[in-house]
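Order of writing sets the chain letters: A, B, C, D, E, F, G, H, I and J. Residues in each chain are counted from 1.
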Amino acid sequence: MSTQPSKSLETFPNPTPQRDFTIHMEIPEFTCLCPKTGQPDFATLILDYIPDQLCVELKSLKLYMWSFRDEGAFHEAVTNRILDDLVLATQPRFMRLTAKFYVRGGVFTTVIAEHRKQGWQQLPPVTLVEVSSQASTRG
Amino acid sequence: MSTQPSKSLETFPNPTPQRDFTIHMEIPEFTCLCPKTGQPDFATLILDYIPDQLCVELKSLKLYMWSFRDEGAFHEAVTNRILDDLVLATQPRFMRLTAKFYVRGGVFTTVIAEHRKQGWQQLPPVTLVEVSSQASTRG
Amino acid sequence: MSTQPSKSLETFPNPTPQRDFTIHMEIPEFTCLCPKTGQPDFATLILDYIPDQLCVELKSLKLYMWSFRDEGAFHEAVTNRILDDLVLATQPRFMRLTAKFYVRGGVFTTVIAEHRKQGWQQLPPVTLVEVSSQASTRG
Amino acid sequence: MSTQPSKSLETFPNPTPQRDFTIHMEIPEFTCLCPKTGQPDFATLILDYIPDQLCVELKSLKLYMWSFRDEGAFHEAVTNRILDDLVLATQPRFMRLTAKFYVRGGVFTTVIAEHRKQGWQQLPPVTLVEVSSQASTRG
Amino acid sequence: MSTQPSKSLETFPNPTPQRDFTIHMEIPEFTCLCPKTGQPDFATLILDYIPDQLCVELKSLKLYMWSFRDEGAFHEAVTNRILDDLVLATQPRFMRLTAKFYVRGGVFTTVIAEHRKQGWQQLPPVTLVEVSSQASTRG
Amino acid sequence: MSTQPSKSLETFPNPTPQRDFTIHMEIPEFTCLCPKTGQPDFATLILDYIPDQLCVELKSLKLYMWSFRDEGAFHEAVTNRILDDLVLATQPRFMRLTAKFYVRGGVFTTVIAEHRKQGWQQLPPVTLVEVSSQASTRG
Amino acid sequence: MSTQPSKSLETFPNPTPQRDFTIHMEIPEFTCLCPKTGQPDFATLILDYIPDQLCVELKSLKLYMWSFRDEGAFHEAVTNRILDDLVLATQPRFMRLTAKFYVRGGVFTTVIAEHRKQGWQQLPPVTLVEVSSQASTRG
Amino acid sequence: MSTQPSKSLETFPNPTPQRDFTIHMEIPEFTCLCPKTGQPDFATLILDYIPDQLCVELKSLKLYMWSFRDEGAFHEAVTNRILDDLVLATQPRFMRLTAKFYVRGGVFTTVIAEHRKQGWQQLPPVTLVEVSSQASTRG
Amino acid sequence: MSTQPSKSLETFPNPTPQRDFTIHMEIPEFTCLCPKTGQPDFATLILDYIPDQLCVELKSLKLYMWSFRDEGAFHEAVTNRILDDLVLATQPRFMRLTAKFYVRGGVFTTVIAEHRKQGWQQLPPVTLVEVSSQASTRG
Amino acid sequence: MSTQPSKSLETFPNPTPQRDFTIHMEIPEFTCLCPKTGQPDFATLILDYIPDQLCVELKSLKLYMWSFRDEGAFHEAVTNRILDDLVLATQPRFMRLTAKFYVRGGVFTTVIAEHRKQGWQQLPPVTLVEVSSQASTRG
């Protein structure tokens, strides 16, 4: 695998396709350019997905994110575009992308977009009592 | 576009109207005047919306907020009025405005108002297990 | 309006009765007396309501809270009593009062009570993805 | 009332039985003995209940908790046993007990158990927009 | 019981099988090896389950976690595998495993997987108003 | 000892007068009246002292604080007055009183005053590397 | 006293001039205009001073801060100017002003300036062990 | 070594006596009895010491702390007594004990006491710029 | 002034050179390239300085930081280089640069470097009691 | 360079030896074995040093830390040993190692050790007013 920025997203087979399970990824090092001013924008991306037959490979995900470094991109459009690319590569049962952009003009913007596989339905969720994590655990 | 305070809100076309997605904006620099005493009030506004054909333009939103700087405004009325103006400009599928006012008389007040487009219905939400963000990420 | 403690609660007309919207108030300076020992008790009150035709006036709310300063009051009873008084004054569509009392005997107690207007029904809530507020915003 | 540890739980009449309201108590000073090793265990207990005709009296609750100080108790069993005792004493419409035990062997354990009165049903909950408390309020 | 790492999970009888109750465990000291590079990976595991006839014994759980110290394991696969082993040992009514892995390549990954016993259904959950814990309690 | 508010402060003999040691007390339930408006003011007091022959008794300290409940008191004056009373009662080697008043007119005020016994000198302090407390410990 | 914005700062006599004590004030509602762009700037001011014969009156301080609302002011200059005005009005033994401005161009700026009365010297400070405040106290 | 509570403190030789280094221990599970009322008191102890020839053994320290479980002890006296016992056992170059007691009567008390070996002097401390720990590290 | 990345740093005259005051700037949007791998690195820069005759202009500082976006730079070298450039441009009495780099290989690195003007000496600092900021203030 | 665990520490020349500057590193992924029980121990290491002619290379530092994974090591001894190895490799002007170990037997232990080069003296530190980082910056 290259270590150059790249728009291609590699995948590997889901090890447990018989079960709906969730993969949550936080990518705090996203930067692109403002298409109006050419100045850098910064964001933290949060990706949640329920894989079907494929999972996204971590290193190629990182290089994919890197590939936006020199591209102009509006907040709303780039979030939907990354979601589209990830959906195309992994064909997930469910995927949600949250992009938290850094402050511009005194305003903080976050964009959230989702994809659901045709015909997929979430199992009725089991709602446990919310227990705050013990403060000394790392999670 | 001017850099003067202005009640006009500019928009741009939704880049992905085929998908219900959410735009979340935090505007911590809102100030207006108390209509009773003339003294300054301060608030943080939080705007969540699901656009239909139009998105609100960031810079005009900022100038719009600035335009309240010299106006008298009751907490409950100004929150509903800003929501009305944003709905009129963008005709969103859904919009919620949360206005957190700073303490007055030892009491903190927050006002929350919503608009839903006639006939629009939210997709049944997918409820993921809540994972607290990793503490060292910026978002 | 007086600046004396008072059990009378003043109101003003809801500026937007055509819409169900929420007013959230935090009142951290509540104190009364323990009816058993006569010693002071302290609490933070949190009031959430969806007004119908009337909103509670901020200053009279503060004077109302002050009026408990020299009264004996059990935790469970005073919470329900304040809710009753606020409901009587404003006839809201919905009202919830949360009273968080300070530690007594090594135990922290919170009492939560609600009122719903006869026949009122909440619109099915729109469940947005929860985005933690940006840490540098004041709200 | 004694000030000795005691398994007896005293009650008082619910001041507002006509309304389903919630009492939330946090008891950070629970300690018992590990039945295997005899060494002390520590926990924070969180009690939530909707009273029917009776409320649990605060001081007797504290003495009841104290009574476990010299008893051996497994995490899972003692949580269910305390819930049983509280249910027997107060016959609540709903009760939930959360016991957060301190770390043992590098593992933090929390046990959560609930009781519901036969035939009782919760009113459909009103879901307000979650507003984080103002940081300078004590609650 | 041995104090060597071991894949065998010991159990003890559920003390209150007549009631659906939840056991929540946080295990901040999980480490295994990356199967690609052989370098150590670190994670915090969070286990939630509703036992049926058996509970997992704490010390054997710790030794079980220890047994992964020298094994190569992909994030997605090891989370599902640990869930499988715990389900096999305890046959729970419900079990959820959350594995929060430490940052790799600037990306934080968390994997969440669940098991539900055939035919088991959660009681409709009682939704209490969320009261943030008092900050000075240890939980 | 009475359980009435009282300006008298009781003491007990310092158990270890041969050593300079520090007693730190936090008193979050102080309230008095504003001498201008008559309205209640609230504060958290923090008391640090190095006792000489006498320590202040906890319950009388609480009753002393209670005695200000119905008195008018300016922030700057009442802090210095309480310090004077505590110095008179205990004749400490060193005493510092910090009074953090709740917000008034949008401004938070804290007053800090100190007393040093004639001729007393602090030992040169040993400066340890500051280690943040482990998050799951209660302190 | 007026309730109009005003550059005049009123004072009252220090109630305890025989003692060096500290007054700490936090003023989170400061706003002025950027002299380059005319757009609003926001800051939190923190004022620490050791009074000599005069203390600054709270309400006039608030009106003084309000008086900058329509004035253009550079960060570095306005901080030093406010310090000069406060020093002129109160002639303190020591005064420090910290102005934390809100983000501009992705940069957060804070300016800190001090004044010391000619010939005044701080008593050698007593360095107590730093004890973090108990989390449930309001201060 | 026994696993019974015990007042005897075991030691082991300092592995690096040629260097002044610091051992910091946090002991969140201390409980004793109030000598006035017989009711349980709880505290978190923080121990900092610079060993000379001996270090305190961890398990015996835990059993030592356990030995106070059934003893009456005033806050000020027990802190000084534990310091004395630890000094006697380990003869350290420097030792500081901080005991943070849980709230009683609405007041939080912390007691801090130190011992210095005759003739020992701290090296002039090197003061590094304080860098807050990265939030995702466990320490 | 251009809006292109640039190594030139513009200045403006210090408005109050007669006083040693401090300017503190936080720049969370710094990114450069790893000279070994070519991959992006991210850092937050914190700049503290006491100006002499010149202050650094905010917008040129931002463009200066932007100019590193496509340059390779080792952590230790780039921190010292930026400090050198800022010192050359502003000739400050004192300047400290703290660069907190994002995690690489599981290690978080921060570099801190200082410059002092020949012959400049800090006034003996006045050490005020540290009062934690009120949580609801924005600073 | 190998990617195997290794006790050898590689260095590179200090890019700015003419200046005393500080490198701060946080290493949250340290694990070794308890020499008594053979069970894994976990710690976060914090390294602060002022380099002389050599800096420690990041990757070799990581492999060095990895080399303790299968070794038995007492808390106090391993901290001093790692400091000795780092001092031998880099001959720094100053070095401090802080090792925060995870809870054992209910006690959290941290060990802090320092080395100073013969004849090196810290410049008198410049003490700036402590300004808490802006909450939305990543550092």
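The working rule: a residue touches a chain if its C-beta (ideal position, glycine included) is under 8 Å from a C-beta of that chain, and two chains touch if they have at least 3 such contacts.
Because the structure is a prediction, the values reported are computed rather than measured.
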Exercise. Suppose you hop from chain D to any chain it touches, then on again the same way; how many hops at least until you reach chain J?
Worked result: 1
Seminar exercise, completed: The C-alpha superposition of chain C onto chain E, two copies of one sequence, needs a rotation in degrees (nearest 5) of 145
Exercise. From the C-alpha centre of chain C to that of chain F, how far is it in Å?
Worked result: 32
Exercise. Whole-Å distance, chain B centre to chain D centre, using C-alpha means?
Worked result: 40
Exercise. Between chain B and chain J, what's the gap in Å when you average each chain's C-alpha atoms?
Worked result: 47
Seminar exercise, completed: Check: chain F positions touching at least 2 other chains come out as 22, 24, 26, 28-29, 42, 96, 98, 100, 102-103, 106, 108, 110, 112, 127-131, 133-134, 136-139
Problem set entry | chain E residues within the chain C interface of the complex | 128-129, 131, 134, 136-137
Seminar exercise, completed: Counting only contacts in the complex, chain B reaches chain G at residues 3-4, 28-29, 31, 37-40, 42, 66, 69, 102
Exercise. Once bound in the complex, which stretches of chain D touch chain C?
Worked result: 14-16, 19-29, 51, 55, 58-59, 61-62, 123-124, 126-134, 136-139
Problem set entry | Contacting residues of chain F [partner chain B, same complex] | 102-103, 106
Exercise. If you look only at chain B, which of its residues touch chain D in the complex?
Worked result: 96, 98, 100, 103, 108, 110, 112
